[in-house]
Structure formats: C-alpha cells, structure tokens
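Notes follow once the structure below has been shown.
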C-alpha cells in the first residue's frame, strides 16, 4: 500500500478505468506530499454502477471528507457519485477519446442545479489540482494543513523564480 | 392519460426535467401515430437517482422493450439507465444550456465500450426519431408494425413531393 | 470466412472504406463472442452508391435484422442506408480526418425527423457498442441472447473489480 | 413560374426541406439577375431518396450544367447528388439545428476523395454565392455572361464606396 | 442588506461585472436558503485588479471559508483570486460574449497545476451549484448544515416526483 | 464629420461592411474620448479589394500611425491590410454569421509568421479595446496621452467600486 | 517540368507555402491522370500579396479556366484570388496549425456574398477533389473529359468492390 | 546573455512556464534580427502572481515600451500584466493542453472593454509575429527600424518567389 493510502481515508480517489491511473496518480501524489490519507478506487459509472453507487452512499459514514473522481469520454463518474452523496465531489476530465477531452470536460462540468461537481482542468494538471483543492477544503479545519498550504504557495512562486534563473544562465552560456 | 400511454407499456420514455417535455412529447406523438404503447417518466439521473435506477432495473421484467431517455447539459440520464438494464436505450440530447446542446450530445453519445446508448440528433428531430427507431426495433417481430413502417416511408417521400408542388405553385403565382 | 460471418446473417456490418476495418472489426468481434451471425460489407455512400443502396434495399427481405455502418469524414453511409430500409441502422463515426471525428459524428447523428440513425461513440468504443446494441435488439426475441447479455453485464462489473485488485496489488508492491 | 425558371434549365437548385427555401431563394435571385435559367427542386436525401437520385442521374442528359443543393443538419443532399452525377455540385449548408450550421457545414464539406462538393458559406451569403459560382462556371463558355460578371465585380466595389459616402454623410450630420 | 449577507461572512461571492449579478444572485439565494452568511463583492480581475487582489489576500484572515467568483469572456477572476489565497475558490463561467460561455468556461477551468479553481456549469445552474458546493464544504464541520443537505437531497428527488405527477395529470386531462 | 475624425488622422478605422458600423463605432468613440484623430473607412477585402489595398499602401505616407480593421465571417480585412503596410494593424472580429464570430476570430487571428494582426475580442468589447490599444501605442511618444491613460485606468477601477456600492444599496433596499 | 504542367495551363494551382506542396500535389496528380494542363504557383496572400494579386488579375486573359488555391491557418489565399478574378476559384484548407485545420476551413469557406470560393474538405482528400471539380467544370465543354469522368466514376465503384473482395479473402484466411 | 537581451530593454518578453520557452524564443529571435533590445522573464500569473504584477507595474518606468506575454491553458498572463500597466501588451497563446491551444487562445483574446491584449496566432507563428508587431510599434518613432521593416517585407515576398523557383526545379527534375 503506497504511503498515504489507508482504509478510513479522508479522500477517496475514484477512477473509471485502469487507463486513467496514469493521470489520477497525480492526485494521490500531492496528497502524499501533504500527508493526507486517501484510498484509490477503480469503479465505473457504467460498467460497475452498483458498486460505484454503494461506495458513494457509504462514503460519508465511512469517514470520507472529499471525493475525487476522474473519467474520460461520457465521463459520468463524478456526477453519478455526486448524485448519491452530500460530500464535496471533485471531477477530473481525462483525455481518452478522439475528441481530446472535450467530451469528458462537458460531461463532468455541466451538472444540473442541485448536484455540483467541482471540475478541474483536463488531464494531469487537473488531477494534481484535485488533490490541492481537497487539501484546501480539509485545511479549513486543520491549522497544520493550512500552514503547509501557505508554504506550498510560496514554494510555487520560488520555483518559478529558480527556473527563470536557470533559463537565463542557459541562455547566457550560448 | 393520452392515447398510447399505459402502465405495461412497450416503450418507456424518460425525461430528466419537466422542461424537456416540449421536446420529448415528439417521441410520444410518433408512438401514438403507430399505435405503440408507452409510458412517460420524469426522473433525473442526478436529482432522483434512486428512482431512475429502480425504474431502469425493473423495466425488463415489467415488460418494457425499448427505453427512450432525453436530457440536457451533462446529460447522463440515458447512460445511467443503460448501466442498469440490458434493454436497448435510445438517448435524445436536449438543447437546454448556453452551449446549444453540444454538452448534452457528447454526454449522451460518448459511452464506454460495453454500455451503448443509441444517440439521436439534438432536439425535436431527435426526439421524433427516437420514436421511429423504437418502432423499427419492435417491428422486427411485429409484421403489422413492419407494414406500417413501409407505408410511413412512402408517405415521407410523397409529402416532400407535395410540398414541392405547393412551393412551385406559390412561386408561379408571384 | 471468420467465425460468425455468413450470407443470411442477422447483422450486416457496412464500412465505407477499407481503412475503417481496424475500427469496425470491433463490432464483428463482439458479435462473434455472442454467437450472432453477421456479414461484413465494404461499400461507400459516395464512391459505390448504387451497390450501397441496392444492399440497403434488399437487406430486410434477405433476412437482416440490424444494420451497422461505420464511416469517417462526411459520414453519410449510415444515413444513406437508413433512407433505403426500415431496419434499425446503427452508425459508428470513424476518426479519419484532421477534424478528429467531429465531422463524422455530426454527419452520422444529425439526421432529419423520419429517418433515424442510432449513433455510437467515435471510434473503437463505438464500434464495439454497435455490436452490443445489435445484440440487445436481437435479444428482445431470443431468451438465450438475453441471458448471455445478463451474464455479460455482470462480467463487465466483475472485470472492473478484478482490475482494481490488480491495481491495488501493483501499488502495494511499490 | 418565376422569371428565370424553366424545365431544361442550366442550373438545378435542390433544397432538402421547404424551410430551406428562404435561404435558397438567394441562389435563384442571383441567377434571375444574370438571366440564367434554373429549376427549383424540393427533394430530400433521406426522406425522398429515390427521387433525389433519379433527378441526379438524369440531370446531365436533361441539359443541366451545374447543380446547387442546400440542406441543414446532417446535410447529405449535395453529397448524395454528387455521388450520382459527374456535373459540378455546389453545396450550401443551412443553419437549421441548435448546432448553428456547424453540422450542415461539415456534412457538406468533408467529402471523400473522388466525389467533390463545392461548399459555400453557411446561410444566405452562401446561397447567393452558389448562384455566382454557377454563373462563373457557365461564363467559361459564354462571353456575354463573362462580361456581365466583369460589370458585377465593378458594381460590388462601387456599392461599397457609395455606402461609405452615405455612412460619412450620416456621421457628418450628427 | 439582504438576509444572509454580512461583513465577516463565511462565503465571499465575487462578480466581475454588474451584469453578472442576475446569474450570481443564484449563489446568494441558495446560501440564504441554508442560512449561510455571505458577502457580495463586485470587483474585476482586469479593471480593478488591485482591489480584487487585496480582497483575495485578506479573505482568509477576515474569516472567509470559501470564495465563489463568477465572470464572463476571458474570465480570469476566479483564477486571479486563487493565485492570492489558499482558500477553496469556486468559479462560475458566465455566458456574456458571442461565444456562448465557451470562452469563460475554458478561462476558468484550465488552471495550471498548483492553483485549482473548482469550476461549475456555465450560467445559472452553475451559480446555484457554487452555493451548494460551498455549503457541502462548510458542512464537513457543521452537523446542522450536514443534516440540512441530507434533507435538501431528499427534497430534490421528491420535487422531481411531484413534477412527474403534475405532468401526468396535465397529460391525462388533454 | 464627427468630433475626432479628420483626413490626416492618426488612426484609420476600416470596416468591411456597413453592418459592422454598430460595432466599430466603439473604436471611434474611445478615440473621441481621448482626443485622438481618426478616419472611418468602409472598404471590403473581397468586394472592393483594389481600394482597400490602395488605402493600405498609402496609409504610412499619409500620416496614419495605427490601423484598426473590423470584419465578420471569413474576416480577411485586417490581414489583407497588414499584407500591404508595415504599420501596426489591429483586427476586430465581428459576429455576423451563424457561427457566432468563431469564423471571424480565426480568420483574423491565425496570421502566418511575418504579417501580424493584433487581434481583439469578438464584438463591441473588442472594438472598444482596439481604440484603447491604438492609444497605448500612440502614448509611447505622447506624454499627454500617457497621463490620460493613467487616469483612465484609475477611472476603470473607480467605476467598478461605484457600481458595487450601487449594487449593495439596491440589494439593501429590497 | 512534370507531365501536365505548362505555361498557358487550363488550371492554375496556387499554394501559400512550400509546406502545402505535400497536400496540393494531389490536385496536380489527378489533373495529370485526366491529361489536363496545369501550372503550380507558390505565392502567399500575406507574404507576397502583390504577385498573388497580379497573377489573379491576369489569370483570365492568360487562358486559365479554373483556379485552385490551398493554404493553412488564416487561409486567405483563395479568397484574395477570388477578389481579383471572375474565374471559378476552388479553395483547399490545409491542416497546418495546432487548431487542426478548423481555422483554414472557416477562413476559406465563410466568404461574403458576391465573392464565392468553392471550398473542399481539409487536407489530401480536399486537394484531390479540387482537381476532380476542376475537371468536372472543364468537362462541361469537353466531351472527351466528360467521357473520362464517366469512366472514373465507374472505376471508383469498382475499386470499392475489389477492396471488399480482398478484405473478405484476407478475413477468410484467418 | 544572448545578443539583444539587456536590463533596460525596449521589449519585455514574459512566459508563464519554462516549457513555453521553445515557442517564445521565436519572439526573441526576431527582435535579435532587428537589433531591438529585450529581456526574457519567466513569471506565472497564477504561481508567482506577486512578481508578475510587480514587474508589470514597474515596466513603464523602467523603460519598457512593449510587453509580450506567452502562456498556455487558462492563459491569464497577458491579461494580468495588461491589468497592471498602460503599455501595449501582446499575447501569444501556447498549445500546451489536450485542447490544442483553444483554451489559451480564448483566455488571452476575450479581454473585457478597457484592458486590451493584442493577441497573436497560437504557437510559433504567433510568437514570431509578436516580435514583428513590437517592432512595428517601435518603428513609429524610429526611422531606422521603419526602413528595416520595409526591407523585411520585401524579403518576405522575395523568399516566397525563391521557394517557388526551387519547387519548380525540384518538380522539373523528377
């Protein structure tokens, strides 16, 4: 079992197909970095609907706080989960059809009034941000996480500056 | 209860919102024309998911042969039903968001391998065709319906010819 | 001749170009799995229109029950066939132009009222689902097929669960 | 019968639905202006396919030189006609679905190698240009038409200049 | 001052232009329904950037828990706020340009790794869902809100069922 | 002649059709506000190409500093002018076809390497910004304009704050 | 000089960039097959506008009958030529930007009323069809070409049938 | 430090990520060709917002005349800079997400009235044109640059003609 993963996890990460794992592991990675527990679940809205719904229904009472769901094509996974829980659900559209993720994006985002899905960018950036958003939500009641987020934000800025220096040096050498 | 509608109906017509009725009544109208029984159901994939699933699960044993489902935006209705039955499911994307039905179209159409939705054109033409397709499916084992379909196809052609005549006459008079 | 293919076949699979075969063989594969007979036909709506129409016209009296048609670009193949038969026609948009299948999708889907095409997802998932939908239609009057579909649906769910286990194990080992 | 319309006409103008007439009458109007004979035909690729094909097949031997075809949605009309004749076929996509003509545009334009359709802009500008293109084609062997086209091109430019003057005057007066 | 609005509010609702108010008032309405305090702020990412940033920077220490931001066109508002706070930021794309909200949707959603925006559907449904998502986040530490959300979810389902009854009755009367 | 318009004007505003005037008058209005001289020209890239080119060619030696060009559909106007001058050319896509300005946007923006067009947003916001950008360019050598721009930027921010106050007051009164 | 190319050619083939040659050589190839003379011209609407216009202006009096123009991105080439001649102009959108040819397609197609461009499909299929359309136009006054076109159409159909046979055989062997 | 780069540079080139450098170096290259000084800055609108804003705010008083900014996805960089300066800002959309640059394009282009961004084509052609546009702006008060631009424009045309010759020769040899 990888670092942050455990059964009564704070964040449940769903993916609709094993081919989505290369993308959704970005969510897991950032939760590991922040020391937040999570559980990876492979369950499809269309191919294993009963188990998906059963997991969604018991997520709240099993201690989950936030759900992340990544899927491609007619990406109903996040929406189906959101229909069966009152926990915040974060959706990650995966680019896995010839339409380059536009189908997954619109299927995840355009939810009807009453059942929100917090949709992220298509692909890896979105999967990573799903992890960050989950941490931002958990940090509302966790001052240690809040402090980590503050440091993370500073590190983001510092990393850009360091990369500029590296770029300038490599330019200067030419 | 309108003409063709009854409880142990051959075709179950779902719509996700009462605002879809103006579109989906086209499916009902064509089934009425062909004398095929149907039942209209208003049930949302996201707002009333349990009832939607329960209806989908019992459709086969309650005598339904074909399911039609119309919805807009992140239109998961047809896909969610298809996940819970082995009956043929026909999806009608409804244009009900600023994105002009492109969201409903892709959410209905781009189903993963294993769980098909027979997707129709966006809007009224699609809703009417959902009815025709249901009749084409039922006609495989109903020679009376098959004959009606043959006559319908001839009438389609004749109507175009009559409209040409009317157009030519109105042109000639100018 | 491959396993399921025979002359008085229940399903006729059309493709508009030999380059569509890599996609459309998915329809054939699933029909083979279910033991449903089919016939593969290569015929273009635009380059061999007379033969396409002639095949469409005689499909019903030659014993076909369902037609599947896959084509790319201005994909008129399914629509042209649907214009000449009252059998259910399933369309598969193929991604074969720089526009990534959006052209094939809209050309197949947006049929006028009176002449439906049951449109599937773009590409391989769609071709496989065309086969499943054909089986769902045939199963309405074939209890053996209906039972197979029920088992298939359970296997779909079980496969997802097995893949989750495999994923968890490979994660745990890292 | 309107001015330029006659039976052995040089240009045959097809439309797929009577609702396309408001658009396609622009093609007729410009042919009237240039004194080129035409015949309006209402015939659908999908609802009256046999008549459409029969007209296409006999167009050449009945004296037609150029065919114009306007249709909306899965606009196969021009392509189906082009499949059955070697005359130049000009396609006009009509905006008649929620997708704003993008479906008609791609269905008309994306023809496979071997069967061209000369596609015009969506809507009225395209219908008018279909008429002009027909005249440009006919003018290759008609010096009177060629001269008229030359004068038309000068008038186009002059009209823009006159409108500038009118605009400046209306501005100056404010 | 409307019902739920107060200065040390739990939810800050930003809009980039006064014309967005007709949309964003949906977020306020749902917060009022749940008795959650909010503050409406009109501030543009591009026209009043300093104030927008200053508000974002002080949101956390002023007691805000969740930020909602709605904007149209090149909708940078949610992203700019997210760049200056570690609070969860929910973005609502507003359809206010000829491109029907596609510009606002992509500008809000496609955030780079490290700076998430929880994006909702385009328009009113999205604005209402932004309110619900804020409540779902706040409910993680508020059992009263959690209970209300549970009742709300049941009411959503019940409302659909009541509307079905009304629809059936109105049908039956015809 | 309106306020800022004169013959040896600093900014030449082209439009391709008189129907573009309702949009392009926004460019003129902002130049009037800043006291920058301009000349309105109605000339089409396609219908009056010679005059368009002739105006472009003499713009530099006639004292023009910046050119603004607005057009719809296959909007070549800005690009054609840019091909014939080395002055900065600002393009405004106008929404005047069923495709909602996407055609004008791509036709104006996607210029090949060597011949830039500074493209603005579709419609009125873009036309107004074309005026502002022209002023920003002229201000590089005009300290009075630079000062005005500074004040304009402050006024933009102040106006947003005033509108917030008005909104809060109208809310409070309800 | 390749087979069909000569100075007083019937068809002038323009391309906007040498990178378009891989596509536009398809037009030349089909003209070679039909024995129609052509001249290849590399000239850009934006980078060498004067020569492009000069060639367009003298095309008619130098004996050209039909012009083909292929370009990518903001593909103004066909439209600029059409603005300066009354010959039929055929446009081929080339997929040469990240937007996959959608920019070239709309820039070529959406011409204003009065100046048509006969637009073909994006890429190689379109370039080949541009050659066929040119031949269809020339065949109106050339019975030898007309006969060749008739044979070509039959060969198109026969080739599809032969490919079906080959496909069936390769299937049978498996 | 590369040729044209220096601290009190006339043109400041921003990029939002080091992966944009392969594109944005085209802007630097053309400025080098024209002998215009520039400074490359790597700074993100979202990850290092404070530094981005601080640079934008001091650009004018540090001697910058024109700013170029390239970014991908929800490309806010140019817009954020434009919000904090009155200098002309040129935006280059970079294709760096599955959506092929459409997201970057709309995020850069669709700026609200009052805050223009001069948007270029997606990718390398756009980055090169950003450099040319900067030079066109600077040339308004630099006769030496103006003369260079005149020669550049002639060279563009000559290069096309030379490439035609090379193409014809390579054709002739075959």
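Chains here go by letter, A, B, C, D, E, F, G and H, matching the order in which they are written, and residues are numbered from 1 within each.
We adopt the following convention: contacts are C-beta pairs under 8 Å (C-beta built on N, C-alpha and C of every residue); 3 or more make two chains touch, one makes a residue touch a chain.
Not measured: the values here are computed from a predicted model.
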| item | value |
| --- | --- |
| Common touching chains of chain H and chain A | E |
| Furthest chain, CA centroid comparison against chain E | G |
| Centre-of-Cα separation between chain E and chain B, whole angstrom | 34 |
| Interchain centroid distance [CA atoms averaged], chain C/chain E, Å | 42 |
| Chain D-chain G separation of Cα centroids, rounded to whole Å | 20 |
| Sites on chain C at which at least two other chains make contact | 44, 47, 49, 73-74, 97, 99-100, 102, 109-112, 114-115, 121-122, 125, 156 |
| Pairwise chain contacts, counting only pairs that touch as defined | A-B, A-C, A-E, A-H, B-C, B-D, B-E, C-D, C-G, D-F, D-G, E-F, E-H, F-G, F-H, G-H |
| Of all residues in chain G, those that touch chain D in their complex | 26, 65, 86-88, 90, 105, 109-116, 118-122, 124-125, 128-130, 132-133, 136-137, 139-141, 146, 149-150, 152-153, 156 |
| Contact footprint of chain F on chain D as seen in their complex | 95, 100-102, 121-123, 125, 156-157, 159-161, 163-164, 166-168, 171-172, 174 |
| Chain E - residues contacting chain F, complex | 1-2, 5, 18, 21, 40-44, 47-51, 73-74, 97-100 |
| Chain H-facing residues of chain E, complex | 16-17, 44-47, 49, 53, 73-74, 76, 79-80, 82-84, 97, 99, 102-104, 106-112, 114-115 |
